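One structure is given here, and the rest of the page talks about it.
First chain written, first letter: the chains are A, B, C and D, and each begins at residue 1.
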Amino acid sequence: MPETVEIGLGREARRGYHLDEVALVPSRRTRGSSVVSTAWQIDAHTFELPLVAAPSDAVVSPGSAAEIERLGGLAVLNGEGLWARYEDPTEVLARIADPAGCTTAALQQIYAQPVSPELLGRRTAELQAAGVRVAVRLSPQKTVALSPEVLKAGVDLLVIQGTVISAEHVASEHAADDALNLKTFIADLDIPVIVGGVTNYQTALHLMRTGAAGVIVGYGAHSGSTTHSALGIDVPMATAIADAAAARRAYLDETGGRYVHLIAYGDITTGGDVAKALVCGADAVMLGEALAGASGAPGGGRYWDPTASHPRVPRSALIDLGLEPEDRPSLEEVLTGPTADPSGERNLFGSLRRVMAKCGYSSVKEFQKAELIVTGLR
Amino acid sequence: MPETVEIGLGREARRGYHLDEVALVPSRRTRGSSVVSTAWQIDAHTFELPLVAAPSDAVVSPGSAAEIERLGGLAVLNGEGLWARYEDPTEVLARIADPAGCTTAALQQIYAQPVSPELLGRRTAELQAAGVRVAVRLSPQKTVALSPEVLKAGVDLLVIQGTVISAEHVASEHAADDALNLKTFIADLDIPVIVGGVTNYQTALHLMRTGAAGVIVGYGAHSGSTTHSALGIDVPMATAIADAAAARRAYLDETGGRYVHLIAYGDITTGGDVAKALVCGADAVMLGEALAGASGAPGGGRYWDPTASHPRVPRSALIDLGLEPEDRPSLEEVLTGPTADPSGERNLFGSLRRVMAKCGYSSVKEFQKAELIVTGLR
Amino acid sequence: MPETVEIGLGREARRGYHLDEVALVPSRRTRGSSVVSTAWQIDAHTFELPLVAAPSDAVVSPGSAAEIERLGGLAVLNGEGLWARYEDPTEVLARIADPAGCTTAALQQIYAQPVSPELLGRRTAELQAAGVRVAVRLSPQKTVALSPEVLKAGVDLLVIQGTVISAEHVASEHAADDALNLKTFIADLDIPVIVGGVTNYQTALHLMRTGAAGVIVGYGAHSGSTTHSALGIDVPMATAIADAAAARRAYLDETGGRYVHLIAYGDITTGGDVAKALVCGADAVMLGEALAGASGAPGGGRYWDPTASHPRVPRSALIDLGLEPEDRPSLEEVLTGPTADPSGERNLFGSLRRVMAKCGYSSVKEFQKAELIVTGLR
Amino acid sequence: MPETVEIGLGREARRGYHLDEVALVPSRRTRGSSVVSTAWQIDAHTFELPLVAAPSDAVVSPGSAAEIERLGGLAVLNGEGLWARYEDPTEVLARIADPAGCTTAALQQIYAQPVSPELLGRRTAELQAAGVRVAVRLSPQKTVALSPEVLKAGVDLLVIQGTVISAEHVASEHAADDALNLKTFIADLDIPVIVGGVTNYQTALHLMRTGAAGVIVGYGAHSGSTTHSALGIDVPMATAIADAAAARRAYLDETGGRYVHLIAYGDITTGGDVAKALVCGADAVMLGEALAGASGAPGGGRYWDPTASHPRVPRSALIDLGLEPEDRPSLEEVLTGPTADPSGERNLFGSLRRVMAKCGYSSVKEFQKAELIVTGLR
């Protein structure tokens, strides 16, 4: 039974744990780093790193997608981002990165430019042509409208992602005909679909039943997120991942063996966070802010996610990561090192390999069995 | 059973939860924002927003009351505030808002001016004449003396409110004759009465039995409150609201259906706080500090509540909200947006509508069933 | 059973609560402030306030003792402080208060001056002659040597106090003959003795059995205390007071009615802290730092306690309270008000009277029954 | 049973406690400091203080080792540190201590110089010749290669220490022949071996079974540690020590009386931390950062441990302790006082003696029975 408290008479609530409330406890034989594998395979695709780069215009551009693939990860282009709104986003990216600062109001204006399905199709085709595996993210609201172009252009994985998603959405009555039925939509496709985010067992299980190959846990909380203050929604990621892993086990059982991948998204900025997310039950992590400071990221030292430009209720700030251009590490230093930065924010997957070794596990799937401890905050 | 701990041998205490210790967990189908209603109805009065503007002179003046009504909320004029003490409060409001600063001592002096029942009656009548629904707040100590003028002038709702109130107050022996008997007082009126604040189940139930239409939970803790340090009283609002909701259920049962509204007052400054207060069981929220920074609020960028000017034991500071005049949002931006501020402190009810949709509820009453989680602090 | 956790396999520890982890919950009828009494009676002595001024040279001098008596409290002169070491402490007090700062090393040097029993006797007699009730504090180590002069000069209450005290001290073998046997010592006296500090049930009970009229709970933790870092000892005062109150009940029972007073000493700086200490079970509070900022206190805007000048292991810092001379309140403002300071640090006992009224209690003894809640920190 | 929580459905985790979450509770008769002994005996070696100076080049040089021995402790030279890499480390130590700052990158470069077994042997012999008891630390990876020279030169204790160690390490297949078999290695030696660090019961018990004389608990977390963020590993020391003490009891039982010493290493910077580590079950403490600020320490006002110079994943920062040369205390002031610094960071073992007296214990072994309380953080 989950841990519940009674916050008031007759009103119960579970206690949820953030990743920074848990830590790993090495408790068996150790292992050499060189006998550890961090590989991740989803559907027919294998990656050296259990990494999905988040569909933020600050992180994934056609250029950075190729570099992330080279380093072993999967990059997801935001199908409703700047590359689908502007023929050449260079100028608006420069405005956002302007050292004099860019406001949320300016961001709202920049993203007021409509999405062009034709442009989105073209981007997809260009990536395909460049030999990079292509993953594109669409919001549930626009999937019906935008997916045909993307599919036609050739996409390897489709990511259907909102802050919070459900298997059955109740739209307004007039819009009902356009509403996305995930189950039939996915059944009709012959490419793997990743859906999310989810925050609890029930929704995770329902989304697994739509036929998704992967489910994203969390909405990508980062240091500039205000979803907890604007909406009152907060996702204690250790708990959310563990709950979704329980849903994965239940679904494995009810299907006699269909394994749905969990991708943890939120509150992951260090190698230690990556390790803890995997030990809680994730198969891979989706990283946004953690990659945005790299010189190879298109954000120019800033990070923002799709909620930052919402026209009425923006739910995260545009963050300045505080790095001078000459201090920005390469994507390679951030992902696989080596590094001379002891903060834990670089060589994320070199760190992962090392902690897997210290805990005595040789694959990510085995590493999910490592021991956790709940600690007071440092 | 509520969660109790033994703080010392033979001494038990419950664990109470602040709103910032809980968060919402979307856990069912989602819903479009357009099919969500935030309406609130108490007695014969319907409001678009479940909002009561607090009886602070920094928030409610005859002018701002009209604007708050227009935007869908209910404003409560402090019947013992500046508008009942000064023929024209403009000058004293300017002194309080003086950029050079205003001290608690000056505030005490300003509020040393006696309340004029005649003036109070006149304010009430003016609002009535302007077509604004009129709610006036009186302290329990002065209700007997001041209510006749207010009632005569025509008031729509009467709010009887102290920091802490009880159904049965023991006054000094000499003053006993003037003591307010809430039960007979309310029974004699033909307008709805809202009373408070309460902090626990028992007092909430007793106040419901006085015939009140609504009960205020909490004493309006805000960023300048010092009640917890001056008096040792602190109200963990998530717990207090949930307890009062249990009292509401008990009273519903014992009366065979009389529904008393709960108005949460304290520690509510963001859209997320509004949502969490409602999910804990409130029917509406009373907002003070959250509205005081608006250009339409009379406080001129400062906030103070009635305890700030107490002549002997002031229990909150006069706060400067830190906004330059040109940066103050309109009351409309604060209440219903849109906004370009991602802090969660603006478009409070647009945020509410959105989170209700993400949690899959279409009315405030249903939204009280949403799932809560207790989280470590961010 | 107290709440225990297992910090490691086979190693249990209780959870203790600091005063700032608990709060009061008004939960019954309210009461007018004017029908509340804060009086305290110990042995034949009655005080308007349940206040003992701590034996710190920063707080109690012959002059401030008279003022504290006038305001309703009991002041304790440190029998091993400056007034017993220097014919005229004016100059050394000025050095400590020097705006250029005074170091712990200088404090150690100032207190290296030996205590003069003759001088101590003289101070006692002078206070006696001035009509002020005289209480003198001696350390357990020096009680045998110094008490004769104090008793001869005429003392009303004797306070035997160390950081931690026990009913049975094991001295070095050579010193054994001089060791204080509290039980026989107290039995031989005809004035009330207050002893402390204690931190737990067992020691409190043992000290009660020595015949003490009062027991001090805690060692006076204040904002400059480093006992928790230097010694690893920390006293969660809510728990310590409640435990000592349980010892008081046990001792009442075993003696068929002898009531020993509990004086809470530590972490009490606001009116709310005073109230919470009493509700946890104390009969009075001992205040040091809370009074030191007053213009009438001899410390000149600084606070230090006897542990600050320890020659080898100083266990608290000499604190500058940060008040310009013109901003220092009078002792009267600090104790009984009125005040224009909303911090809760002034009008401590006016605040107490008010919260007793709001909680519906008319005497301190009854107030010990008020309801407590454990809250997350603000 | 240890305290466990369910962080997610089907996923349990223990609650672990840091040293700063616990405190000592004096609860019996007190005792004079002069009748207290802090002595520690391991194998044939007796020390006045239960102190092991950590094998950090910032703390232990041949010179400081002699001074630490004189003051009553045991110093451990890092067998893979600067003294084994440079004929004369003076110049590189000066570069690290350069007031203009030294980077992690520079540290990585300095430590890229290979270890010379011959030089290491020479250092060992020199210390031996100077009459200082010699303890040398080797990493598990290099013990096979480096121990012959050290043993030949004459070492009193051998310390085999990595961040995390296990009794059975799985190296890469090719390296298998060189892998250290701790059990046979220790059995072949006729000097005591100390191994670590461990973080839990099981590993502690396994290491005890290798025949080690002492086991180090923890990896030396200090204010610059980033192991928790880089690797996700964090060791709540109160819990880890208590668990290892349970392993010691189990091993005592299974061997019919073989007592393995526990040396606590991490989060210990004050006298209070020393006391708490011992009460949790340690026999001695290993101190690094706590000693590095002393004028007698070779680090020149900085602290770094072996993980700070890791070539790919540095896991702690090079810390500037912020002390001007003239403000640095002597090692004697830090260890045995007296001091005029009230922070608790000096006279660490004078503080220990004092708290043992206040808690009424006369030896470290007895002191392990003292009472602990879990408190909210200050």
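Criterion: contacts are C-beta pairs under 8 Å (C-beta built on N, C-alpha and C of every residue); 3 or more make two chains touch, one makes a residue touch a chain.
These figures come from a predicted structure and were not determined experimentally.
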Count the smallest number of chain-to-chain hops linking chain B with chain D, moving only between touching chains. 2
Going by the contact rule set out at the top, which chains touch both chain B and chain C? none
For the copies chain C and chain D, the interface residues, called same if over half of the numbers are used by both and different if under half, are different
Relative orientation of copies chain A and chain D, as a Cα rotation angle in degrees, nearest 5: 90
Where chain A and chain B are represented by their mean Cα positions, the distance between them in whole Å: 40
Using Cα averages as centroids, what's the distance between chain A and chain C in whole Å? 56
Where in chain A do residues touch at least two different other chains? 15, 17, 239
Full enumeration of touching chain pairs: A-B, A-D, B-C, C-D
Using the touch definition from the top, list the residues of chain D that touch chain C in their complex. 1-3, 15, 17, 22-32, 34-35, 201, 238-243, 245-246, 249, 270-276, 279-281, 337-345, 347, 350-351, 354-355, 358, 360, 371-376, 378
Where on chain A is chain B touching in the complex? 5-11, 13-18, 20-21, 103-105, 108, 163-173, 175, 199-200, 202-203, 224, 226-236, 239, 308, 311-317, 377
